[in-house]
Amino acid sequence: MQNQKIAEGDYILLYLSQRKTYLVKVEAGKSFHTHKGFIKFDNLIGKDYGSGVVSSLGFEFVVLKPLLRDYVMKSVRKTQITYPKDIALIVMFSGIGPGNRVVEAGTGTGALTTALAHYVKPNGKVYSYEFREEFQKVAEKNLTRAGLLDFVELKVKDVTAGIDETDVDAVVLDLATPWLVIPHAYTALKPCGTLISFSPTIDQIVKTVEALNESGFVDVETVECLMRGMQVERGKTRPQTLMTAHTGYVTFARKAAKTTA
Amino acid sequence: MQNQKIAEGDYILLYLSQRKTYLVKVEAGKSFHTHKGFIKFDNLIGKDYGSGVVSSLGFEFVVLKPLLRDYVMKSVRKTQITYPKDIALIVMFSGIGPGNRVVEAGTGTGALTTALAHYVKPNGKVYSYEFREEFQKVAEKNLTRAGLLDFVELKVKDVTAGIDETDVDAVVLDLATPWLVIPHAYTALKPCGTLISFSPTIDQIVKTVEALNESGFVDVETVECLMRGMQVERGKTRPQTLMTAHTGYVTFARKAAKTTA
Amino acid sequence: MQNQKIAEGDYILLYLSQRKTYLVKVEAGKSFHTHKGFIKFDNLIGKDYGSGVVSSLGFEFVVLKPLLRDYVMKSVRKTQITYPKDIALIVMFSGIGPGNRVVEAGTGTGALTTALAHYVKPNGKVYSYEFREEFQKVAEKNLTRAGLLDFVELKVKDVTAGIDETDVDAVVLDLATPWLVIPHAYTALKPCGTLISFSPTIDQIVKTVEALNESGFVDVETVECLMRGMQVERGKTRPQTLMTAHTGYVTFARKAAKTTA
Amino acid sequence: MQNQKIAEGDYILLYLSQRKTYLVKVEAGKSFHTHKGFIKFDNLIGKDYGSGVVSSLGFEFVVLKPLLRDYVMKSVRKTQITYPKDIALIVMFSGIGPGNRVVEAGTGTGALTTALAHYVKPNGKVYSYEFREEFQKVAEKNLTRAGLLDFVELKVKDVTAGIDETDVDAVVLDLATPWLVIPHAYTALKPCGTLISFSPTIDQIVKTVEALNESGFVDVETVECLMRGMQVERGKTRPQTLMTAHTGYVTFARKAAKTTA
C-alpha cells in the first residue's frame, strides 16, 4: 500500500538521534542542510526506507518514513498543541474509527486534526472549525504534508455561534471556552455520540463538566495523563530527570436522549 | 453508517452509573437482570440509542452504543490486560491506520487485538499469535461481540519460534519475553516498520531495549503513562483518591536497514 | 538515650509483615492476640529491641521500637489524616526545629501534632487548636502513647475566632477553611515566620493563596506530592500496582513586613 | 530564641521572586550586587526581618530569615544533591529527632548533612563520611553558614571500609554503592535502628534491598516521590508545565536481631 522506496516528492524523516529529527520533502537536485552537514536528495531517491545516509560532514542519518506521531509533533507552530499522549487518549476515548464524521474546534495548527483525519480515513470526514483565519493556511500545509487534507473540511468560523453538521459521531473540543459549544455539540451529535474536550485549567473543566451535565450528556469523566520517559540501560536504568508535568485534562461524555418531563 | 435505533442482536451498554455498566446482547422476548431490577429487551427494540429505560425496581438506565473503549474494558478476563491509556499510546506510537497489516503477540483475551482491528479496518488485518489454546475462544468471542473478527487472524502458535507474515507495518508485543521475538519482528517488518512492546517490569524493558539495539532498530524509546481521574464539582474539584499506579512500560522502535560492513 | 531493652509499659511495634504491624503497650502478665496467635508480654520483657518472638500458632514476629512514622500512621482514626509524605513536606517547608513554638489547627486525631511535637522538642511547644471537643481525647491518647504530650498544649477552641499566641515560628493549618485563619496567622507569627496549609481541594488552595497574597505573605508556593511504592526483586522490579493518587496540596508562605503606603 | 532584627554577620535571604533569591551574609559597609541593582547592607542592619528594601535600580526585595530549606537548596554545588522532598522523606522515615546520633555517607556538599544536623540538635550528632577530600571544605562552609557545624563531625574516610561509631540511631546513605555499606551499617546501628538509602537507579535499589534482606534488616520498603508545583490563580489554576520527574528512590529498613540457628 505504502511505497517502500524513497521517491521524489515524499516527505521523509531524517533521523540523527531521538532529539534530532527533520521532516523534509525530497526534491531531486536539491540538498538539505543541517548543522551536521548537508544531504543530497539525489543520493536517497530509489533507496529503501530505513537506509542510512552519510552527510557531507560524515554524520550518519537514517531515512525514516514519517508516522502519524511525526506529523503531529512537527505541526507544532504558533500555538500550543496537545501532545501525542493526549491525542492518543482523545482518539481512543472518542471511539472514532474509519468512516466516522467528526467535528473539531479549534483547528489551531492542525496537529489534532491530523490525527483525527488519520483515523477516520478512508471514508470519513473531519469538519474543523477555527475563527482565526491565519491558522487555516498553517493547518492546510500540515495536513497536505501528511497526505490527509482530503479527509478534512477546514472552516473559518466561530464554533460558539453554532455547528453546521448534524448526526456526527464525535465532537472534539480544544479551545478556550468549550462550555459555550456544549449545547451546539449536543445538537450536532447523533444519539449516543461522544464529546471530548481538552483544557489546561481547572476552571475550564469545571465549567465544561457543568455544561455537559446540564445539556443531556451522561458518563462524564475527566482524566489527566502523565507520561514519563525512561532511560533504559543495563545497570543504569532510571526514569528521566525532566518531564512535562502538565498539558491538560481530557473530559469525555456521551449524548443521552433528553427526558421529556 | 451505524444504525441508531436499538435492534435485535445489537450489543448495547446499559449505563446505570460510571461504575455500573453492562455490555449485553439484545434478545427479543428476553430480559436482563441486575441487582437494580430487570429490563425487558422488547421495551428497547426500535428506540433511539441514548434513550433512558426504567428497570422493574424503578432505576433508570441509559442505553448506550458501545464504543471501542467499552469492548476493550469488557474483554478483561482470565489474564491481565493492558489498559485503555496504554492501548491508546500503543496505537498512536505504532502509527497504524486503515489498511495496515499488523502482527500481535500474545492475543490473551483479545483486548488489544480489538483495538488494533478497529484501527486497521476496513481493509487491513491483524495477525494475532497466542500459544495458549484456551485463550483463542475467549478472544474470538470478544472480537465477534465487537464486530471485528473479520479483520483478525487468530493463530495458535508460539511466536518465539518465528513469524509467518512478512512486509507488515507494525509488530505489537504484549508477552513475557518480548526480546525473544525481536529478531523475528525485524524479519517480518517492512522497511521502517514499527515495533511496540508492552511490559510491566524493568528487567523486561532492559532486555527488550538491548535486543532492539542489537537487531537493527533505531529511535528506541520507553515511556510509562500514569492516568489520574479528577473529581470535578464546583468548589470541590480534586484528583481522585486512588489510582492505578502502574500497568507497564511502552517501548517503541523503528526498523532501520542493516548496514553491511 | 532511648532504652534498648523491652520494658513493662513500653509501646512496641509487633511486626509480622509490612502490611501487618501492631502498636501495643507491654503489660506484664498479659498477652496480645492476633489472627496469627497470641504473644505473652512476659516473654518479651528484658529482651533486646529487634528480637524475634514466636506466637502461640508458630508465626514469627519482630519486636520493633516505634518510630515517629509508626505513631503517625497508627493515629488514624475518626478523621482523615495527612500522610507521612505530606507531614514530611510540611515539617521541612515550615523550617521548624528544636525549640520552636508552633500553632497548629485543627488537631484532629493528633497525627500531624505528633510530628510537630517530635521536631520542636525538647524545648519547643505546639499549640494545637480544635473546636470539636471529642477529638481532644483521641489526640491526647495518641500523643501520650508517643511520649510527646508534654510538648503540646491542646486547645478546644475555634481558631477562626483568633489565635492567642504571638511571636510564633510557624502556623500549620489542616482544616476546611484555612483562608479564614490567615489574618490571625499573620498576627500570631513573628517576622518572617512561616505558614503551611494542607488542603485536598483546588477551591481551598485558590482561596488560601488569595488570602495569603492579600495579608502580607510572600514566597507563596503550592505543591502536591505523589508517593509511589516499588516492588524490588531482582528480575521482577516494578512500581506497585496501586497508589494513593491524592491526599492534598501543601501551600507554603512567609510573613513579610506590611508596607505602609 | 532567634533574633528578629537583621544584624551584622547574619545570613539573610534576599527575595525578589520565587525564582530569584540570594543567600548572603550581612557585612557592614558593604553592598550586595544583583542584575536588578545593589543593596547596601547598612540600610538593613537593625530592621525587622520580613522588611522590604529597594535596590539602587528601584526594585523591591524582601529580607527573609533563611529556613532549613533555603540552606539546603543553596548548598547545591559541584555534585547533585537530594531534593527537599527527598530530604523530607529521609528525615521522616529515619525517625530521627533531637538527641539522635546519625551516621551519614557521603557528605557531598553537605545538603542532606545540613538537614540531619538541624533535626538532631541541640544534643545529637551527625557523623558524616566522605572520601573525596575536596568536598569537606564545601560542606564545612555550608554547615557553618547554616549555624550547624557544631552538630556534625566531618570525616574524610571511605565508609565502605567500615563505620567507626556504634549504637547509632540511624544510618543514612546517599552514595553510589550503598550495598557495600549495609553490613557495616548493621554493626553500627543500635537494635531497631533505621537505615535509609537514596539512589537514582533501579540497579542500585535492587542491590541495596538484596543486601538489606541478607544482612538482618526487616520492614524493607522502597518508594519514589514526585513533587509537582501548582500555578494557583483564580480562574486559571493548573499544575505547572514542567517538573523534575526523577531524583531518586528512597529505601528504608530497620535492624532486627540476628536469629541464631
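Order of writing sets the labels: A, B, C and D. Residues in every chain begin at 1.
Criterion: contacts are C-beta pairs under 8 Å (C-beta built on N, C-alpha and C of every residue); 3 or more make two chains touch, one makes a residue touch a chain.
Keep in mind the model is a prediction, meaning the values are calculated, not measured.
In terms of C-beta pairs in contact, the better-connected of the chain pairs A-D and A-B is A-B. Residues touching across the subunit B and subunit C pair largely coincide in numbering: over half of the numbers involved belong to both copies. Note on chain placement: the centre of subunit B and the centre of subunit D lie 46 Å apart, centres being C-alpha means.
For the pair subunit A and subunit D, the distance between C-alpha centroids works out to 44 Å.
Each chain gets a centre from the mean of its Cα atoms; for subunit A and subunit B, those two points are 21 Å apart.
Annotation for subunit D: residues touching 2 or more other chains are 202, 224, 228-229, 234, 237, 239.
Taken as a graph of touching chains, this assembly is arranged as a ring, one closed cycle with exactly two partners per chain. Subunit A contributes residues 1-2, 4, 15, 18, 21, 48-52, 62, 64-65, 67-69, 84-85, 87-89, 91-95, 97-100, 115, 118-119, 121-123, 169, 190-192, 194, 202, 205-206, 209-210, 218-230, 232-234, 237, 239, 249, 251, 254-257, 259 to its touches with subunit B in the complex.
Taken together, the subunit D residues at the contact with subunit A in this complex read 200-203, 224, 228-229, 234-247.
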